[in-house]
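Here's a structure for you.
Note that the chains take the letters A, B, C, D, E and F in the order they are written out, and that residue 1 is the start of every chain.
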Amino acid sequence: MDTWLPSLITDTPQQGFELAITLSRRGVKYTQTDTDVLHKLRPEYANNADSLTAASQVIAINFQTVAAANNYWRDKK
Amino acid sequence: MDTWLPSLITDTPQQGFELAITLSRRGVKYTQTDTDVLHKLRPEYANNADSLTAASQVIAINFQTVAAANNYWRDKK
Amino acid sequence: MDTWLPSLITDTPQQGFELAITLSRRGVKYTQTDTDVLHKLRPEYANNADSLTAASQVIAINFQTVAAANNYWRDKK
Amino acid sequence: MDTWLPSLITDTPQQGFELAITLSRRGVKYTQTDTDVLHKLRPEYANNADSLTAASQVIAINFQTVAAANNYWRDKK
Amino acid sequence: MDTWLPSLITDTPQQGFELAITLSRRGVKYTQTDTDVLHKLRPEYANNADSLTAASQVIAINFQTVAAANNYWRDKK
Amino acid sequence: MDTWLPSLITDTPQQGFELAITLSRRGVKYTQTDTDVLHKLRPEYANNADSLTAASQVIAINFQTVAAANNYWRDKK
(Lines give C-alpha, C1' and ligand atoms only; values in the text may rest on other atoms or scores of the structure.)
Protein backbone atom coordinates (compact mmCIF):
# COMPACT_ATOMS: atom_id res chain seq x y z
CA MET A 1 0.00 0.00 0.00
CA ASP A 2 1.24 3.47 -0.82
CA THR A 3 1.88 6.15 1.79
CA TRP A 4 -1.32 7.97 2.70
CA LEU A 5 -0.44 9.14 6.24
CA PRO A 6 3.05 10.65 6.34
CA SER A 7 2.26 12.91 9.30
CA LEU A 8 -0.48 13.98 11.72
CA ILE A 9 0.69 17.59 11.58
CA THR A 10 -1.42 20.10 9.65
CA ASP A 11 -1.24 23.83 9.19
CA THR A 12 -4.72 24.68 10.41
CA PRO A 13 -7.47 23.15 12.59
CA GLN A 14 -9.66 22.84 9.51
CA GLN A 15 -7.03 20.79 7.68
CA GLY A 16 -6.77 18.73 10.84
CA PHE A 17 -10.50 18.11 10.77
CA GLU A 18 -10.23 17.02 7.16
CA LEU A 19 -7.39 14.67 8.08
CA ALA A 20 -9.71 13.22 10.73
CA ILE A 21 -12.21 12.51 7.97
CA THR A 22 -9.50 10.79 5.94
CA LEU A 23 -8.60 8.62 8.94
CA SER A 24 -12.25 7.69 9.45
CA ARG A 25 -12.66 6.66 5.82
CA ARG A 26 -9.39 4.72 5.85
CA GLY A 27 -10.66 2.79 8.85
CA VAL A 28 -13.56 1.69 6.67
CA LYS A 29 -11.41 0.97 3.61
CA TYR A 30 -9.01 -1.27 5.51
CA THR A 31 -12.01 -3.37 6.55
CA GLN A 32 -13.80 -3.38 3.19
CA THR A 33 -11.15 -3.08 0.49
CA ASP A 34 -13.57 -3.47 -2.44
CA THR A 35 -14.36 0.09 -3.53
CA ASP A 36 -17.33 -1.10 -5.59
CA VAL A 37 -18.97 -2.38 -2.44
CA LEU A 38 -18.17 0.88 -0.66
CA HIS A 39 -19.82 2.93 -3.41
CA LYS A 40 -22.89 0.73 -3.31
CA LEU A 41 -23.16 1.18 0.47
CA ARG A 42 -22.79 4.95 0.34
CA PRO A 43 -26.44 5.95 -0.31
CA GLU A 44 -27.49 3.53 2.43
CA TYR A 45 -25.83 5.52 5.21
CA ALA A 46 -25.62 8.97 3.63
CA ASN A 47 -29.42 9.11 3.72
CA ASN A 48 -29.85 7.80 7.23
CA ALA A 49 -29.70 10.27 10.11
CA ASP A 50 -28.32 7.82 12.67
CA SER A 51 -25.64 6.59 10.28
CA LEU A 52 -24.53 10.16 9.67
CA THR A 53 -24.34 10.81 13.40
CA ALA A 54 -22.24 7.66 13.79
CA ALA A 55 -19.93 8.82 11.00
CA SER A 56 -19.60 12.21 12.67
CA GLN A 57 -18.68 10.45 15.91
CA VAL A 58 -15.78 8.56 14.33
CA ILE A 59 -14.55 11.83 12.85
CA ALA A 60 -14.79 13.43 16.31
CA ILE A 61 -12.68 10.65 17.84
CA ASN A 62 -10.04 10.93 15.14
CA PHE A 63 -10.08 14.70 15.45
CA GLN A 64 -9.17 14.34 19.12
CA THR A 65 -6.01 12.53 18.02
CA VAL A 66 -5.10 14.98 15.28
CA ALA A 67 -5.80 18.01 17.49
CA ALA A 68 -3.62 16.64 20.28
CA ALA A 69 -0.84 15.86 17.80
CA ASN A 70 -0.91 19.49 16.69
CA ASN A 71 -1.01 20.77 20.27
CA TYR A 72 -4.40 22.19 19.31
CA TRP A 73 -2.69 24.60 16.89
CA ARG A 74 -2.14 26.91 19.87
CA ASP A 75 1.19 28.18 18.57
CA LYS A 76 -0.43 29.21 15.32
CA LYS A 77 -3.15 31.33 16.85
CA MET B 1 -14.37 25.11 0.69
CA ASP B 2 -14.24 28.32 2.67
CA THR B 3 -12.66 28.65 6.09
CA TRP B 4 -15.05 27.57 8.82
CA LEU B 5 -12.56 26.53 11.52
CA PRO B 6 -9.81 29.12 11.91
CA SER B 7 -9.15 28.25 15.56
CA LEU B 8 -10.26 26.03 18.45
CA ILE B 9 -9.83 28.88 20.92
CA THR B 10 -12.96 30.53 22.32
CA ASP B 11 -13.55 33.17 24.95
CA THR B 12 -15.88 31.18 27.16
CA PRO B 13 -16.78 27.53 27.87
CA GLN B 14 -20.23 28.15 26.42
CA GLN B 15 -18.78 29.37 23.12
CA GLY B 16 -16.58 26.30 23.23
CA PHE B 17 -19.63 24.09 23.61
CA GLU B 18 -21.22 25.82 20.65
CA LEU B 19 -18.06 25.25 18.63
CA ALA B 20 -18.34 21.56 19.56
CA ILE B 21 -21.84 21.59 18.06
CA THR B 22 -20.46 23.17 14.89
CA LEU B 23 -17.79 20.46 14.65
CA SER B 24 -20.43 17.76 15.11
CA ARG B 25 -22.60 19.18 12.34
CA ARG B 26 -19.62 19.62 10.04
CA GLY B 27 -18.81 15.95 10.52
CA VAL B 28 -22.24 15.20 9.14
CA LYS B 29 -22.03 17.73 6.33
CA TYR B 30 -18.71 16.40 5.03
CA THR B 31 -20.36 12.99 4.72
CA GLN B 32 -23.66 14.17 3.24
CA THR B 33 -22.97 17.34 1.30
CA ASP B 34 -26.50 17.72 -0.08
CA THR B 35 -28.22 20.15 2.29
CA ASP B 36 -31.65 19.23 0.92
CA VAL B 37 -31.13 15.67 2.10
CA LEU B 38 -29.95 16.94 5.49
CA HIS B 39 -33.07 19.07 5.93
CA LYS B 40 -35.29 16.13 5.03
CA LEU B 41 -33.50 13.93 7.58
CA ARG B 42 -33.75 16.47 10.39
CA PRO B 43 -37.28 15.64 11.71
CA GLU B 44 -36.35 11.95 11.63
CA TYR B 45 -33.71 12.27 14.35
CA ALA B 46 -34.86 15.43 16.11
CA ASN B 47 -37.98 13.56 17.20
CA ASN B 48 -36.26 10.38 18.29
CA ALA B 49 -34.89 10.17 21.81
CA ASP B 50 -32.03 7.79 20.99
CA SER B 51 -30.95 9.87 18.00
CA LEU B 52 -30.83 12.96 20.20
CA THR B 53 -28.73 11.13 22.79
CA ALA B 54 -26.37 10.04 20.01
CA ALA B 55 -26.13 13.63 18.77
CA SER B 56 -25.38 14.81 22.29
CA GLN B 57 -22.62 12.19 22.53
CA VAL B 58 -20.85 13.49 19.43
CA ILE B 59 -21.03 16.99 20.86
CA ALA B 60 -19.57 15.69 24.13
CA ILE B 61 -16.63 14.12 22.30
CA ASN B 62 -15.94 17.28 20.33
CA PHE B 63 -16.31 19.36 23.49
CA GLN B 64 -13.50 17.31 25.07
CA THR B 65 -11.24 18.47 22.24
CA VAL B 66 -12.29 22.11 22.39
CA ALA B 67 -12.07 22.22 26.19
CA ALA B 68 -8.56 20.74 26.16
CA ALA B 69 -7.50 23.22 23.46
CA ASN B 70 -8.63 26.05 25.70
CA ASN B 71 -6.95 24.56 28.75
CA TYR B 72 -10.47 24.33 30.17
CA TRP B 73 -10.69 28.14 30.29
CA ARG B 74 -8.91 27.94 33.65
CA ASP B 75 -7.01 31.17 33.10
CA LYS B 76 -10.25 33.02 32.46
CA LYS B 77 -11.99 32.01 35.64
CA MET C 1 -29.23 32.64 24.38
CA ASP C 2 -28.48 33.43 28.00
CA THR C 3 -25.34 32.28 29.80
CA TRP C 4 -25.70 28.74 31.09
CA LEU C 5 -22.04 27.68 31.17
CA PRO C 6 -19.88 30.39 32.76
CA SER C 7 -17.24 27.92 33.97
CA LEU C 8 -16.31 24.24 34.14
CA ILE C 9 -14.97 24.64 37.68
CA THR C 10 -17.04 23.21 40.54
CA ASP C 11 -16.44 22.88 44.26
CA THR C 12 -16.93 19.13 44.51
CA PRO C 13 -16.81 16.04 42.26
CA GLN C 14 -20.53 15.58 42.79
CA GLN C 15 -21.27 19.09 41.52
CA GLY C 16 -18.98 18.26 38.62
CA PHE C 17 -21.03 15.17 37.86
CA GLU C 18 -24.18 17.25 37.93
CA LEU C 19 -22.58 19.75 35.55
CA ALA C 20 -21.83 16.81 33.24
CA ILE C 21 -25.54 16.01 33.29
CA THR C 22 -26.33 19.61 32.39
CA LEU C 23 -23.88 19.46 29.46
CA SER C 24 -25.47 16.22 28.25
CA ARG C 25 -28.96 17.71 28.33
CA ARG C 26 -27.79 20.89 26.64
CA GLY C 27 -26.37 18.78 23.83
CA VAL C 28 -29.87 17.46 23.29
CA LYS C 29 -31.56 20.86 23.63
CA TYR C 30 -29.33 22.51 21.05
CA THR C 31 -30.43 19.82 18.59
CA GLN C 32 -34.12 19.81 19.50
CA THR C 33 -35.02 23.27 20.72
CA ASP C 34 -38.74 22.57 21.12
CA THR C 35 -39.20 21.71 24.81
CA ASP C 36 -42.67 20.29 24.14
CA VAL C 37 -41.14 17.67 21.89
CA LEU C 38 -38.47 16.93 24.49
CA HIS C 39 -41.09 16.39 27.19
CA LYS C 40 -43.05 14.07 24.92
CA LEU C 41 -39.89 12.04 24.21
CA ARG C 42 -38.92 11.70 27.85
CA PRO C 43 -41.01 8.64 28.82
CA GLU C 44 -39.80 6.91 25.64
CA TYR C 45 -36.18 6.74 26.78
CA ALA C 46 -36.60 6.98 30.55
CA ASN C 47 -38.35 3.61 30.46
CA ASN C 48 -35.92 1.89 28.14
CA ALA C 49 -32.84 0.25 29.63
CA ASP C 50 -30.60 0.75 26.60
CA SER C 51 -31.60 4.40 26.28
CA LEU C 52 -30.71 4.96 29.92
CA THR C 53 -27.33 3.31 29.44
CA ALA C 54 -26.74 5.55 26.42
CA ALA C 55 -27.68 8.61 28.48
CA SER C 56 -25.30 7.51 31.22
CA GLN C 57 -22.55 7.17 28.63
CA VAL C 58 -22.91 10.76 27.43
CA ILE C 59 -22.76 11.89 31.06
CA ALA C 60 -19.59 9.81 31.53
CA ILE C 61 -17.94 11.47 28.53
CA ASN C 62 -18.85 14.94 29.73
CA PHE C 63 -17.72 14.05 33.25
CA GLN C 64 -14.26 13.24 31.83
CA THR C 65 -14.07 16.83 30.59
CA VAL C 66 -15.34 18.41 33.80
CA ALA C 67 -13.11 16.23 35.98
CA ALA C 68 -10.02 17.11 33.94
CA ALA C 69 -10.94 20.80 34.08
CA ASN C 70 -11.03 20.56 37.87
CA ASN C 71 -7.77 18.61 38.00
CA TYR C 72 -9.90 15.83 39.49
CA TRP C 73 -10.51 17.95 42.61
CA ARG C 74 -7.20 16.63 43.93
CA ASP C 75 -6.34 19.86 45.68
CA LYS C 76 -9.62 19.77 47.57
CA LYS C 77 -9.21 16.31 49.00
CA MET D 1 -29.69 15.03 47.38
CA ASP D 2 -27.22 13.65 49.85
CA THR D 3 -23.48 13.43 49.19
CA TRP D 4 -22.61 10.29 47.24
CA LEU D 5 -19.38 11.45 45.55
CA PRO D 6 -17.09 13.17 48.05
CA SER D 7 -13.92 12.24 46.14
CA LEU D 8 -12.58 10.39 43.11
CA ILE D 9 -9.60 9.10 45.11
CA THR D 10 -9.58 5.44 46.11
CA ASP D 11 -7.02 3.23 47.80
CA THR D 12 -6.79 0.56 45.11
CA PRO D 13 -7.51 0.15 41.38
CA GLN D 14 -10.25 -2.32 42.23
CA GLN D 15 -12.01 0.21 44.45
CA GLY D 16 -11.58 2.68 41.60
CA PHE D 17 -13.29 0.25 39.24
CA GLU D 18 -16.14 -0.11 41.69
CA LEU D 19 -16.42 3.67 41.93
CA ALA D 20 -16.68 3.70 38.11
CA ILE D 21 -19.63 1.33 38.43
CA THR D 22 -21.23 3.67 40.95
CA LEU D 23 -20.77 6.61 38.57
CA SER D 24 -22.33 4.62 35.73
CA ARG D 25 -25.37 3.72 37.80
CA ARG D 26 -25.73 7.28 39.07
CA GLY D 27 -25.81 8.45 35.46
CA VAL D 28 -28.84 6.23 34.99
CA LYS D 29 -30.49 7.23 38.27
CA TYR D 30 -30.26 10.95 37.54
CA THR D 31 -32.15 10.30 34.31
CA GLN D 32 -34.71 7.87 35.72
CA THR D 33 -35.25 8.75 39.37
CA ASP D 34 -38.03 6.23 39.96
CA THR D 35 -36.30 3.18 41.49
CA ASP D 36 -39.36 1.00 40.84
CA VAL D 37 -38.96 1.58 37.11
CA LEU D 38 -35.23 0.86 37.36
CA HIS D 39 -35.87 -2.46 39.11
CA LYS D 40 -38.42 -3.43 36.48
CA LEU D 41 -35.94 -2.63 33.70
CA ARG D 42 -33.09 -4.60 35.26
CA PRO D 43 -33.92 -8.11 33.91
CA GLU D 44 -34.41 -6.57 30.45
CA TYR D 45 -30.76 -5.55 30.06
CA ALA D 46 -29.09 -7.96 32.49
CA ASN D 47 -30.16 -10.81 30.22
CA ASN D 48 -29.17 -9.19 26.96
CA ALA D 49 -25.60 -9.56 25.76
CA ASP D 50 -25.45 -6.26 23.89
CA SER D 51 -26.94 -4.36 26.83
CA LEU D 52 -24.30 -5.84 29.11
CA THR D 53 -21.54 -4.83 26.70
CA ALA D 54 -22.97 -1.32 26.62
CA ALA D 55 -23.04 -1.21 30.42
CA SER D 56 -19.43 -2.39 30.52
CA GLN D 57 -18.51 0.40 28.10
CA VAL D 58 -19.93 3.11 30.34
CA ILE D 59 -17.99 1.63 33.25
CA ALA D 60 -14.83 1.67 31.09
CA ILE D 61 -15.31 5.36 30.30
CA ASN D 62 -15.86 6.26 33.93
CA PHE D 63 -12.90 4.10 34.94
CA GLN D 64 -10.69 6.21 32.66
CA THR D 65 -11.68 9.24 34.72
CA VAL D 66 -11.20 7.57 38.09
CA ALA D 67 -7.88 6.02 37.07
CA ALA D 68 -6.53 9.36 35.84
CA ALA D 69 -7.70 11.04 39.05
CA ASN D 70 -5.69 8.51 41.04
CA ASN D 71 -2.66 8.86 38.78
CA TYR D 72 -3.24 5.19 37.96
CA TRP D 73 -2.35 4.25 41.54
CA ARG D 74 1.29 4.30 40.44
CA ASP D 75 2.53 5.61 43.78
CA LYS D 76 0.85 2.74 45.57
CA LYS D 77 2.45 -0.02 43.54
CA MET E 1 -15.31 -10.05 46.68
CA ASP E 2 -11.72 -11.19 46.37
CA THR E 3 -8.95 -9.06 44.90
CA TRP E 4 -8.87 -9.31 41.11
CA LEU E 5 -7.27 -5.94 40.26
CA PRO E 6 -4.23 -5.32 42.47
CA SER E 7 -2.51 -3.10 39.88
CA LEU E 8 -2.80 -1.66 36.37
CA ILE E 9 0.93 -2.19 35.75
CA THR E 10 1.97 -5.02 33.43
CA ASP E 11 5.30 -6.13 32.03
CA THR E 12 4.38 -5.95 28.35
CA PRO E 13 1.82 -4.24 26.09
CA GLN E 14 0.32 -7.63 25.31
CA GLN E 15 -0.26 -8.36 28.99
CA GLY E 16 -1.78 -4.88 29.20
CA PHE E 17 -4.16 -5.74 26.38
CA GLU E 18 -5.15 -8.90 28.19
CA LEU E 19 -5.76 -6.91 31.37
CA ALA E 20 -8.03 -4.65 29.29
CA ILE E 21 -10.00 -7.75 28.34
CA THR E 22 -10.27 -8.71 32.00
CA LEU E 23 -11.56 -5.23 32.85
CA SER E 24 -14.14 -5.45 30.06
CA ARG E 25 -15.42 -8.80 31.29
CA ARG E 26 -15.50 -7.62 34.88
CA GLY E 27 -17.67 -4.70 33.78
CA VAL E 28 -20.15 -7.27 32.52
CA LYS E 29 -19.87 -9.53 35.56
CA TYR E 30 -20.55 -6.73 38.01
CA THR E 31 -23.80 -6.05 36.15
CA GLN E 32 -24.85 -9.69 35.67
CA THR E 33 -23.43 -11.68 38.57
CA ASP E 34 -25.09 -14.96 37.60
CA THR E 35 -22.43 -16.88 35.65
CA ASP E 36 -25.04 -19.33 34.32
CA VAL E 37 -26.79 -16.48 32.57
CA LEU E 38 -23.48 -15.19 31.21
CA HIS E 39 -22.63 -18.59 29.75
CA LYS E 40 -26.05 -18.83 28.14
CA LEU E 41 -25.60 -15.38 26.56
CA ARG E 42 -22.12 -16.12 25.18
CA PRO E 43 -23.09 -17.80 21.88
CA GLU E 44 -25.57 -14.98 21.26
CA TYR E 45 -22.89 -12.30 20.92
CA ALA E 46 -19.86 -14.42 20.00
CA ASN E 47 -21.61 -15.27 16.73
CA ASN E 48 -22.77 -11.78 15.92
CA ALA E 49 -20.41 -9.48 14.06
CA ASP E 50 -21.73 -6.24 15.56
CA SER E 51 -21.62 -7.65 19.08
CA LEU E 52 -17.99 -8.65 18.57
CA THR E 53 -17.15 -5.16 17.32
CA ALA E 54 -18.84 -3.70 20.38
CA ALA E 55 -16.84 -6.03 22.64
CA SER E 56 -13.64 -4.99 20.88
CA GLN E 57 -14.56 -1.36 21.48
CA VAL E 58 -14.88 -1.81 25.23
CA ILE E 59 -11.49 -3.54 25.23
CA ALA E 60 -10.04 -0.60 23.26
CA ILE E 61 -11.35 1.89 25.83
CA ASN E 62 -9.97 -0.11 28.74
CA PHE E 63 -6.67 -0.55 26.89
CA GLN E 64 -6.36 3.24 26.71
CA THR E 65 -6.45 3.30 30.51
CA VAL E 66 -4.00 0.44 30.98
CA ALA E 67 -1.60 1.80 28.36
CA ALA E 68 -1.59 5.26 29.96
CA ALA E 69 -1.03 3.69 33.39
CA ASN E 70 2.04 1.93 32.03
CA ASN E 71 3.29 5.07 30.28
CA TYR E 72 2.84 3.07 27.09
CA TRP E 73 5.65 0.71 28.14
CA ARG E 74 8.07 3.26 26.65
CA ASP E 75 10.75 2.59 29.25
CA LYS E 76 10.69 -1.10 28.42
CA LYS E 77 11.29 -0.77 24.73
CA MET F 1 -0.47 -17.58 22.98
CA ASP F 2 2.50 -16.29 21.04
CA THR F 3 3.72 -12.71 21.19
CA TRP F 4 1.76 -10.47 18.84
CA LEU F 5 2.21 -7.10 20.61
CA PRO F 6 5.84 -6.57 21.61
CA SER F 7 5.58 -2.77 21.46
CA LEU F 8 3.24 0.13 20.68
CA ILE F 9 6.06 2.05 18.99
CA THR F 10 6.03 2.32 15.20
CA ASP F 11 8.18 4.19 12.72
CA THR F 12 5.42 6.11 11.00
CA PRO F 13 1.83 7.27 11.69
CA GLN F 14 0.62 4.95 8.96
CA GLN F 15 2.22 1.93 10.61
CA GLY F 16 0.63 3.14 13.83
CA PHE F 17 -2.76 3.19 12.15
CA GLU F 18 -2.19 -0.35 10.92
CA LEU F 19 -1.24 -1.41 14.45
CA ALA F 20 -4.54 0.10 15.61
CA ILE F 21 -6.30 -2.16 13.11
CA THR F 22 -4.40 -5.16 14.50
CA LEU F 23 -5.48 -4.22 18.03
CA SER F 24 -9.10 -3.91 16.91
CA ARG F 25 -9.06 -7.33 15.29
CA ARG F 26 -7.33 -8.91 18.26
CA GLY F 27 -10.11 -7.55 20.48
CA VAL F 28 -12.51 -9.55 18.35
CA LYS F 29 -10.34 -12.66 18.22
CA TYR F 30 -9.94 -12.83 22.00
CA THR F 31 -13.72 -12.90 22.27
CA GLN F 32 -14.39 -15.32 19.39
CA THR F 33 -11.37 -17.62 19.12
CA ASP F 34 -12.86 -19.82 16.40
CA THR F 35 -11.47 -18.43 13.13
CA ASP F 36 -14.03 -20.39 11.08
CA VAL F 37 -16.81 -18.46 12.78
CA LEU F 38 -14.95 -15.18 12.20
CA HIS F 39 -14.60 -15.91 8.48
CA LYS F 40 -18.28 -16.76 8.23
CA LEU F 41 -19.21 -13.48 9.95
CA ARG F 42 -16.98 -11.34 7.73
CA PRO F 43 -19.36 -10.78 4.77
CA GLU F 44 -22.12 -9.94 7.25
CA TYR F 45 -20.42 -6.77 8.50
CA ALA F 46 -18.13 -5.95 5.58
CA ASN F 47 -21.24 -5.31 3.48
CA ASN F 48 -23.10 -3.28 6.04
CA ALA F 49 -22.45 0.45 6.23
CA ASP F 50 -23.16 0.81 9.95
CA SER F 51 -20.97 -2.18 10.80
CA LEU F 52 -18.10 -0.64 8.85
CA THR F 53 -18.55 2.67 10.67
CA ALA F 54 -18.48 0.79 13.98
CA ALA F 55 -15.30 -1.01 12.93
CA SER F 56 -13.72 2.31 11.95
CA GLN F 57 -14.65 3.68 15.38
CA VAL F 58 -12.81 0.90 17.23
CA ILE F 59 -9.77 1.57 15.04
CA ALA F 60 -10.02 5.28 15.87
CA ILE F 61 -10.04 4.53 19.61
CA ASN F 62 -7.05 2.23 19.33
CA PHE F 63 -5.26 4.76 17.14
CA GLN F 64 -5.60 7.31 19.96
CA THR F 65 -3.63 4.94 22.16
CA VAL F 66 -0.96 4.14 19.58
CA ALA F 67 -0.56 7.79 18.57
CA ALA F 68 -0.13 8.89 22.19
CA ALA F 69 2.40 6.09 22.77
CA ASN F 70 4.43 7.43 19.85
CA ASN F 71 4.11 11.02 21.02
CA TYR F 72 2.25 11.58 17.76
CA TRP F 73 5.47 10.90 15.80
CA ARG F 74 6.34 14.57 16.37
CA ASP F 75 10.07 13.89 16.64
CA LYS F 76 10.03 12.15 13.28
CA LYS F 77 8.48 14.94 11.32
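Things to note:
We take it that a residue touches a chain if its C-beta (ideal position, glycine included) is under 8 Å from a C-beta of that chain, and two chains touch if they have at least 3 such contacts.
Remember, predicted model here, so these are calculated numbers, not experimental data.
Under the contact definition stated at the top, the chains bordering both chain C and chain E are D.
The angle needed to superpose chain A on chain F by their Cα atoms is 60 degrees, rounded to the nearest 5. Centroid distances from chain E, each centroid being the mean of CA atoms, peak for B. Here chain E and chain F face each other with different sets of residues for the most part; under half of the interface numbers are shared between them.
Centroid analysis (C-alpha atoms only) places A farthest from chain D.
Here the CA centre of chain A is 15 Å from the CA centre of chain B. The residues of chain E that reach two or more other chains are 45, 50, 54-55, 57, 61, 64, 68, listed in rising order. If you draw each protein chain as a dot and join the dots that touch, you get one closed loop, with every dot joined to exactly two others. Beginning the circuit at chain B and passing next to chain C, one meets the chains round the ring in the sequence B, C, D, E, F, A. In the complex of the two chains, the chain D residues touching chain C come out as 3-9, 23-28, 30-32, 37, 41-42, 44-45, 50-51, 54-55, 57-58, 61-62, 64-65, 68-69.
Of all the residues in chain B, the ones that touch chain C in their complex are 12-14, 17-18, 21, 45-50, 52-57, 59-61, 63-64, 67-68, 72-74, 77.
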